[in-house]
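Across the two complexes that follow, chain A remains constant while its partner is chain B and subsequently chain C.
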Partner chain A sequence: MFYRLAGIRHTRYAADRQLWPVPVDRAQIAALTAFAAAAPLLLSNLYLGSYLLPWIIWSTAALGLNLLMGWAGQIHLGYAAVMAIGAYSTIHIVRAGLPFELAIIGGGLLSAVIGLVFGFAALRVKGLYLAISTLAMQYLVDWIVSHVQAISGGSQATLQAPAFRVLGLPVAGDMMRYYVALAVCLVVTSFLLNVGRTSFGRALAAVREKDFAAAIVGVDPFYFKLLAFWCSSFVGGIAGAVLAFCYYRAVTPEQFNLDVSIQAVAMVIVGGLGSVIGSYLGAALVLLAPIMLNNLVAALARAGALPMSEEVLSHIPLILYGGLIVGFLLFEPLGLAKVYDNLRNYFLVWPFRHARR
Partner chain B sequence: MDLMYFAELAMNGALVGLMYALVALGIVLVFKSSGVANLAQGALAMVGAYVVWWLADPLGAPLWAAVVVGILIMFFFGRAFERLALRRMIGQPVIMVIMLTLGTEILLRGSAPALWGAQMKRMDIGIGQQPIVLGDMLINRAYLAGGVVAVVLIGLAMLFFNSRQGVMLRAVSDDQTASWAVGISVERAIGVSWGLAGIAAACAGILWGSVQGVDWTLSLLLIKALAVAILGGLDSIGGVVIAGVAVGILENVIPGYIDPLVGGGTRDLVASTVILLTMLVRPFGLFGREDIERV
Partner chain C sequence: MINDDDRPQTSGDRGVAAPPSLECRDVARSFGGLKALKDISLVLESGSIFGLVGPNGSGKTTLVNAITGFYPPQQGRILYRGRDITGTRPHRVAPLGIARTFQNLALFRGMSVLDNILIGRHIHMRSSALATLFYWWWAERDEIRQRRRVEEVIDFLQLEDVRDEPIDVVPLGLQKRVELARALAAEPQLLILDEPMAGMNQEEKEYMARFILDTRDEHGTTVLLIEHHMDVVASICDRMAVLSYGELIAEGEPGTVLADERVVAAYLGKARRRAA
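Up next, the complex of A and B:
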């Protein structure tokens, strides 16, 4: 149908290797980008600030984690800790008087350095053992952040994000905060879209599939695993900083506890390992599904159709994350990205279903 | 630093550690037979505690009946989980299996309080509150009972591994393909190991539930149990006892001396530190087999 491939000929390498060879895909991307850019004008402040903004920030974080889990095949159960390091260090750097642009990069770098420590565990152990050591590190970082006064101001304290300027403009109001988050998200997205086409991305894929086979063909698994941890932690730190400055505007240690790590992993798994669009879809489902379900159930309960206590309501998000992870792993291990892909492949050859691509 | 203070901390710590070891037993049993990381063990223990509480309190069953039925329910719960979820994951990458058990942990952690109520429930299994006085030491009666029960159960598990069924489990843990070839049903063996993990979870849940009350925080036992399992070696049942005692002692003694200096809260740190140090020095643990695949 509209995905028609007729008339698309690749006569040059550059044309063959472009990101979206099908014109409809390019049009979709253009429309989405235009919508994202115009969203503050189209949507009410409520939708912008409490749905679109967190979705974009969490997509950025999910993309960073997906680089590690999807592309490099390393499991990471401590991503929230990495984000916490980025958030706290960026706030402290801005407070020290540096501009936000430098501070966020500094926060990202600090996250990357500490994320690399997580990565050193990956050099010695993998699979289950890596999962458990990153889990242990999540607890460790959590504890340090909440107990060291100089970082968080104590376990009960809230650290306000200071007012900040980007490129000389003061960032105040939902609209400016949204554009800052969007800019970061676009940069990270274009990085990840292109990773698959670089030698770096191919090396990561080789390490993911079989690390000693990668070593035999001359790809150093040590180096590339560490590089994957470095890049993904850098993105995580930046996403954490954006989350702290643009969405929460104040940080407490509980915003980055183990459940948040699991939420990030849920986004990646539900969305689809190793897929850019999957990270967006996964973040959307994991973030919005509990809200939607809560609203629905609350409305039903108010109408008296569904007798349900507060206790059940407050546990719906947990049940939903768990259920989504388990359900997707059992029934669609490649996540929402695969669902999207199936649809697209169906329409690619429609109505000639027998002509499988 | 008087010696009695140390001895009291160490003694109570060792007993607590044995109760951790009971949770860790479930992780080790499953890893030994199928090589799957059972990150749902903490939540299984929580569900076990909830089930026994539910049988004993709202349904009004006598305590011994509630315990027996609860253990049976958890046995079949473990088997059902293996049959319905994990068997479909055979051949999938290890990330997927880990995430499946972790997802189940979250699912249970959300649904059990939603089903039975989030308030902490008291579960009295007939152990008094009075501490036992031993010389100058005060020993927590509940910990003592828990430690004894844990040792008995782990001993039973070790005996079980010498029975016919247990020999099959050991064969499966050695080599699944070879076990298949000599006519052992690998699926059944793995199912049984999950059932046993369910039993261990139920017992751990009952003991811990009687100590700290039944609510979702029981699932936090996972990280302690992981520390015990990793330190003892993921495929060593005997290692669980030694490592449990070690982790328990460390977890009680270190905060006893350091907490006054840094202002508290170091207890939560011990398990994570034990895990990380074990990973760095001896990833296969004290008694595990040294066949961890390294790059």
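Up next, the complex of A and C:
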């Protein structure tokens, strides 16, 4: 329909390699970016602060995890721990008086270094064993964060994010915090988009698919696995810092526990491994589905359609949510990105059923 | 196409000055009690096509794995252009100018044909996360330059039609060709082909034989060819060797080697004598 490929003939490699070769895709992206930039003017504070803001921050985090899981094919069940390291260290660095821009880089670097240590496990073990050793990282970091006074201020303590400035402007109010999160999200997104078309991304995919074949073309599987852990942890640390400064505005150890790690993995799997748009869709579904299911169940209960006790009602959304994930793994293992792709492919040739081949 | 008379001279001219492209000296490798390779010594002259044949399980692939570092030899040495490369890890073998294909295809699923060939250029590229982050400033120009080289390989192997297809949907014969393209994209000086014509029909075999000859003639690439199709080996190889149970039982010009009694026995058993 709109996505016509007919008549689009690229004559230069640069044109063939661009991120969105189809003009209508470029128009869509431009419209989305414009909407994202104008969102504070268009949306109420409730929607901006409680829906859009967490969505873009979690999309940033999911993109980082997707680099590791989707591109490099290494599972990570301790991603929330990585985010916690980024959040806590950025807060401590800002408190020490350094500017936020440097602090967030420092937080990312610290996450990357500690994440890398656990990446070494990936050199020895694969699959389930790697899952367990990253799980160990989650528990280890959880324990250290909550028990070391100097980091968290004690197991029950909440650490307030200090006031901060970005590029000389004080960041206060939902609008400024949203723009900071958006800027980080855009940088990470453009990085991940480019991973899909550079030799770095190809090397990661090669290691994921067949490491011996990767080695024979000169890709060092060990080095690229570690590099994937490094980059993914760096992005995770930065996402954690943004989450702490722009959304929660305070950190407690519970914000980064195992549940959160599982949630991040769910975002990547439901969204689609190795897909940028999938990370956005996955984050949206995982964040919004519980809210919408809650509202739905509450509405049905009010209407008298669900004659059950409060106790049972409160669990129904969780059950549905779990069913949703299982359903995705069963029926669309490539996630929401694949659903979107199928839809797009359908309209590419509509009203016909097949393309020329 | 160079005619048959010119061929020995091509290798001869190079042989005088340059050391042999590949030399195996008493290479031995065993797995537990199984002696997969017993004191194999071979010399591949630069710019020649060298055939390596033998019944299944005779150690051909093990020899290739020893050369490319997957199973380093336990004894003996492997010299590449006069330089000792014994035990060099696989990912360090590629930058030396050695490329190989695999018997059972080792392409990267989930990637397009083009990406599969592009990764063959890996050793000529700088693959860093920072270059990816600053793509428009640090990576784009190089990516396009590499793409141009890859298009030459695509043109050479006539893969234009399937360039943008995902590798999974490409038929087997073409997948073999894509794997050859990936190896050629690295611009190797030594190309190791492990049964590139397995499962191919006569027409596809002829195409592949032509590609191998053209590669050697255009780039002076040395080719180590493992193949079961004797007609192909006999017609395109300058020299050949036969392995049987890990032992080198014959080496020389295809005509003489294929007439060797021990070679015939290794392939056909003793039945021939009983029949005679």
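Annotations for the structure displayed:
Here is the rule we use: the second predicted complex is superposed on the first by the 337 of 357 C-alpha atoms of A that agree within 3 Å, B and C clash if a C-alpha of one lies under 4 Å from a C-alpha of the other, contacts with A are read in each partner's own complex, and residues count from 1 in each chain.
By our rule, contacts are C-beta pairs under 8 Å (C-beta built on N, C-alpha and C of every residue); 3 or more make two chains touch, one makes a residue touch a chain.
The structure displayed is predicted, hence computed values, not measured ones.
In the model built by aligning both structures on chain A, chain B fits alongside chain C without clashing. After overlaying the two complexes on the shared chain, residue contacts for A:201 are found with chain C alone; chain B is out of touch.
Of the two partner chains placed by superposition, only chain C is touched by A:219; chain B is not.
Counting the residues of chain A touched by each of chain B and chain C gives the higher count for B.
In the overlay built on the shared chain, the residue A:17 is in contact with chain C alone; chain B does not reach it.
By the touch criterion defined above, A:150 reaches neither chain B nor chain C. Touch criterion met: A:131 reaches chain B, while chain C stays clear of it. In the superposed model, A:315 lies in contact with chain B only, and not with chain C. In the superposition on chain A, contact is made by A:265 with chain B only, not with chain C.
Of the two partner chains placed by superposition, only chain C is touched by A:231; chain B is not.
Shortest separation of chain B and chain C in the overlay equals 11 Å (C-alpha atoms, whole Å).
Taken together, the two complexes place residues 212, 215, 221 of chain A in contact with chain B and also with chain C.
Put simply, chain A touches chain C in their complex at residues 13-14, 17, 187, 190-191, 194-195, 197-203, 205-206, 209-210, 212-221, 227, 230-231, 274.
Across the interface of their complex, chain A is touched by residues 68, 70, 89-91, 93-95, 99-100, 102, 106-111, 115, 118-123, 125-129, 131-133, 135, 139-140, 143-144, 146-148, 151, 182, 186 of chain C. Residue ranges of chain B in contact with chain A, taken from their complex: 31, 37, 39, 85, 88-89, 92-96, 98-100, 102-111, 113-114, 117-118, 223, 226-227, 230, 234, 262-263, 265, 268-269, 271-273, 275-276, 279-280, 283, 292-295. Listed in rising order, the residues of chain A touching chain B in the complex are 69, 73, 75, 77, 121, 123-129, 131-133, 135-137, 139-140, 143, 147, 155, 211-212, 215, 221-222, 225, 262, 265-266, 269, 273, 311-312, 314-326, 329-330, 333.
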